[in-house]
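Dropping the structures in below, format is C-alpha cells.
There are two complexes below, and they share chain A, which is joined by chain B in the first and by chain C in the second.
== the complex of A and B ==
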C-alpha cells in the first residue's frame, strides 16, 4: 500500500498535469504525521494537547535557523529538531502532566502561545514576518527542495510512524495507558507507573511532531511564528477528532478530508465555510467515532444487504 | 506619570471586567452544564453586529443594546435546541468539534450579511466625551462600561444565589434527576441557561463595539482570553471569574503600557520595543501556567460540588 501510494499519487498527478496535487498530497502526509503523533496523546492517553503547534514550529525553525548559519545538511536539521523538541517536551511535560482534562488543554496552550510571542519578539529570526528558507534540507544526495523527493520522504516517514504507533498501541504500554484513560487510580494500583509512561509518550509525540515541522518548513519554504499559535494546534486536534481518534488511521482520514476541503472548496464557492461548518456539526452529531468510524460502519451494513 | 498610571489602571479594570463578563457565561455553561462552548465568541460577535445594525438604523444606543442582547438570546435558544441539547452526554471533544463548526458557519453568515469589512459605531452621545476626574480626563464611555458591567455582574450574582431559578440551576447541576423528579423542567432550564450565557456574551460584544471595530472572527481571540480567565479563576466560579478577569486585565494592560519602558532602562530602545509587547502578551499565559501548575483547580474554585 505504501509503495502504491508512493508511485501512484505522483503518476496520477503528472498524468493530469497538476503538480499542485503533489503539494497537497505532501501537505496531507506531513500533517498526518503530526496528527498521528498527537493522537498518541489524545487517543491513547486521553490527554488533549492544545499546544502541538509549538513542536511543529520548533521543527520548522530548526531548519530555517540552521540554514541561515549555512548548515544545509538535512540530518543536522532533523537532529536539531529532535533534540530541541525533546528537551522542551522533557521540561514542559512533567509540569503539564500535573494536570489533566481541560486544565491540561490550557497549560499546553499556554506554553505554545508563549513560544509564539517569543518568536514574534525575536527580530533576528524574522519576528512576526517569519523567515523564508535560504535553501532546503539535503538528505545526502536527496534535496528536499525537490517536490517529488519531499513527497516520497514524507509518505515513507508517515508509513513508518503509522506502523510504530500501531505497534505501540498493541504493546503492554499501550494497553496500560488506555486502561489509565478509563481510570488512573485503578491502573496505578496494578503497579503501572502511568505518570512515567505519560511523560515518555509526551516527549515522543513532541519529537515526532517536530520532525513533521522540519518537513513542513521544506514544503512551504517559509517558517512563521503562527505555526505555534492556537489555530494551528486547533487544526491538528480537529484532524484527529474528525478522522477518529480510536484508530491509528483516523488522523490520516481526517487530514485527507480537512485539507482536501480547504484546498478545493474555495474554488467552488466564496462562502464554502458555511456548509463546511454545518457539515462538521452534522458529522459530530451523527458519526460517533469520527469519519473513519463512519466509513467502517458502512461495510457491515453493505454485507447485510447482500445477505 | 501618576495620571498615566491611573489611566492605565482604569483601562486595565475596564478590560478585566469585560473579560469577566465574557467568561461568566462560558464558566456557567461549563461548570453547571458541563458543556464546552467554543461558539461563545461567535455569540459575542452576533451581539456586536446586531447592536451595530440597530444603531445604524437610527435607534438609540441603549434600545439597540437591548435589541442586540435579546436577538442573541433567541439565537442561543435555537442553537441549544437544534445542536447543543443532543451533545450533553457526549465527550468534551465532541463539544469542541461541534461548536468549532458553529464558529465557522457563524463567521461566514456574518461575512455574507455584513461583508468582510468591519463596522464601527459610536458610543451614546451623552457619553461621547471625556470627563474630568479629580484633575485628569478619562473617556466617559469607558466609565460607563465599568459601571454597566458592575451592575450586570451584581444582577447575575443575585440571580444565581438569591432567586428560585438560580437555586434550580445550581441544584440541577449536581442532581439533575432529583430536580426533575421534583417537577422542574430540566430541559427548559438548560435552554434558558445556555441562552442566558449567549445574552451575556452579546452584551459584552455590544459594549466593546464602540471601542474596537466589529468584524468577522472578532470572537476567537476573546474566546481564548475568556478560557484563560475561567481556568485561572476556577471552572464554574463566578467569583473566581471576577477576580481572575480583573487580575489578568490589569496585568495585560499595565504590562503593555509599562514593560517596554522598564526594559528600556537596561536594554537599548530597539530591543525594548520588540521584547516589551511580546513579554506583555505572554503575561496572561504565564500566569495561567503558574496557577495551573501550583493550584490546578484555579484561584477561587466553585464550592459545593
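== the complex of A and C ==
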C-alpha cells in the first residue's frame, strides 16, 4: 500500500505531465500527518485544539531560521522543530489541560494567535512578509528541494505515523483516554491518571505537527506567520472532522477531499465556494463518522456484523 | 497492594455552608468485614462515600486504609492504593465491550511506560482473568457485547466485575441493587454473600432484607451523624433507629 503510493502517484503524475499533482499529493500527505496528530487530541481525548497551526509554524520556522544561519542539515531542522515544539507544548499543555470543551479551544487558540503576532512583529524573521527559504533541508544525500524526494519522505512519515497512531489506539493508554472522553469519573476511579496521559499526548501531538511543519516549509519554500493563524488551525480541524475523527485513516480521507477540492474547484467556476460550503455542511450533518465512515458504510455489510 | 485492609474513619466532618453533612463520623471497619451503611435520604451517605473515594475532601478528620492515611489523596491515588468502587448510577463506558472494560480496569493499575503502548487485549493471562471475573458476576456469555446494549442490571454487574478484577483491598458499593429486577437483585445478593471475607466492603443499600442478611455490622446515618453501629439484631431493636429511619413498620 505504502510502496504502491510511493511509486504509483508520481508515475501517474509524470505520465500526464502534471508535476503540480505531485505537489498536491505532497501537500495532502503533509497535512494528513498534522491532522492525524491533531486527531490524537480530538478523536482519542475529545479535546479540540484550535491552536495546532502554531506547531506547524514552529516546525516551518525551525527550517527557515536555521537556513539563514547557514545550517542546511535536515536532521538539525527536524530536531530543532521537535525540541522547540516539545518544550512549548510541555509548557502550554498543563495550562490548557486545566480546561476542556470550549475553554480548551479558546486557550489553545489564544496561544497560537500570540505566536502569530509574535512572528509578525519580529522583523528579523521577515515580519508579516514571512521568509523565503534560503535552501532546503538536506537529509544526507537527499535534498528536500527535490519534489519527488520530498513526496517520498512525506508519504513514508505519514505511513509511520498512521501505523503508530493505530497501535496507540489499541493500546491500554488509548483505551484509557477514550474511556475518559466518555466518562472521566469512571476512568479516574479505576486509578487512571488521565491528566498525565493527556499531557503526554498533547506533547506528542504537537511534536508530530511541528515535523509536518518542517516538511511544509520545504514544500512551499516559504514560511509565514499565517501558518500560526486561526484559519490554518481551523483547516486542520476541518480535515479531521470531515474525514472522520473516529478512525486513524479518517484525516487522510479528509485531507484528500479538502485539498483536492481547493485545488481543482477554482478552475471550474469562480463561484466554487458556495457549493463547497454547502457540501461541507451536508457532510458534517449527515455523515456522523465523516467521509471515511460514509465510504465504509457503502461497502456490503460484512465486517460490522459481528454480534 | 494485594490482600485486604481495614478502613478507618476518624472524626470526619464535612460542611456545605451552614449544613453539617458529615458530623464527626468515626468507625473502624475490620479487614474482610462487610459493613452496611443505612439511613434515610439526605442522611449524608453519598457525602460520606464521596469523602472515602476522594471526590470530596473532609473539612476535619482522617481516613486510613490499613495503617496509611489517605486523607489528602485524590481519586486516582486512592484507586491505585487499592480502593475499588461502584456507583449508584452505573458509570460504564458505552463504546467498549464488557471484556474491554474489565481488561482496562485490570491493566489500569500498572500503566507503566511499557504498558503504555502494549495492546490492551494482547495479554492472554489478563484476558483469562477478565473472562473469569465476568463469569463470576454472571456476564460470562456477554464478553463481546458493547456496553450500551446491556440492561441496567447488567451494567451494575459489569461495574462490580470492573471493581473486582483489580482485587481491591477496600470496596465501596453504592446501592448495587438500585433499579434491578428481582432476579438480578437475587444474583447480586448471592454474589455479595460470596464476597464476604474476601475483601473489606462498605455497602450502601436500601433493600433492608439484603442488608440485614449480609452485613456483619450496620451503621445508621441520620443528619450526617452515625447514630448507631451494631449487628442486624442490635439495629433492628434500637429504638433510636426505629424512630429516625426504620419507622414502626414490622421488620422481619
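Rule of thumb we're sticking to: the second predicted complex is superposed on the first by the 300 of 307 C-alpha atoms of A that agree within 3 Å, B and C clash if a C-alpha of one lies under 4 Å from a C-alpha of the other, contacts with A are read in each partner's own complex, and residues count from 1 in each chain.
Going forward, contacts are C-beta pairs under 8 Å (C-beta built on N, C-alpha and C of every residue); 3 or more make two chains touch, one makes a residue touch a chain.
All figures in this text were calculated on a predicted structure; none of them were measured in a lab.
A.B. asks: With chain A superposed, do chain B and chain C clash or fit?
C.D. replies: Aligned on chain A, chain C fits beside chain B.
A.B. asks: On the chain A superposition, what angle, as a multiple of 10 degrees, is formed at chain A by the C-alpha centres of chain B and chain C?
C.D. replies: For this superposed arrangement the angle is about 80 degrees.
A.B. asks: Have a look at where A:146 lands relative to chain B and chain C in the superposition and call it first, second, both or neither.
C.D. replies: So A:146 meets neither chain B nor chain C here.
A.B. asks: Would you sort A:190 into first (chain B), second (chain C), both or neither based on which partner it touches?
C.D. replies: In the superposition, A:190 contacts chain C only.
A.B. asks: Quick check for you: in the superposed arrangement, does A:171 touch first (chain B), second (chain C), both or neither?
C.D. replies: second
A.B. asks: In the superposed arrangement, does chain B or chain C reach more residues of chain A?
C.D. replies: Touching more residues of chain A than the other partner does is B.
A.B. asks: What is the contact status of A:182 with respect to chain B (first) and chain C (second): first, second, both, or neither?
C.D. replies: Second partner only.
A.B. asks: Look across chain B and chain C in the superposition and give the shortest C-alpha distance you find, in Å.
C.D. replies: Least C-alpha distance: 16 Å.
A.B. asks: Hey, which residues of chain A end up touching chain B in the complex?
C.D. replies: Listed in rising order, the residues of chain A that touch chain B are 42, 48, 95, 98-99, 101-103, 106-107, 109-111, 113-114, 117-118, 120-123, 127, 230, 234, 237-238, 241-242, 245, 271, 273-274, 276-281, 283-285.
A.B. asks: In their shared complex, at which residues does chain A touch chain C?
C.D. replies: Result: residues 167-168, 170-176, 178-179, 182-183, 185-186, 188-194, 197, 306-307 of chain A touch chain C.
A.B. asks: Touching residues of chain C toward chain A in the complex: what are they?
C.D. replies: Listed in rising order, the residues of chain C that touch chain A are 53, 55, 74-76, 79-80, 85, 87, 91-96, 100, 104-105, 107-109, 111, 115-121, 144-146, 162, 166.
A.B. asks: What part of chain B is in contact with chain A in the complex they form?
C.D. replies: 30, 36, 83, 86-87, 92-94, 96-98, 100-109, 111-112, 224, 227-228, 231, 235, 274-275, 277-279, 281-282, 285-286, 288-289, 292-293, 296
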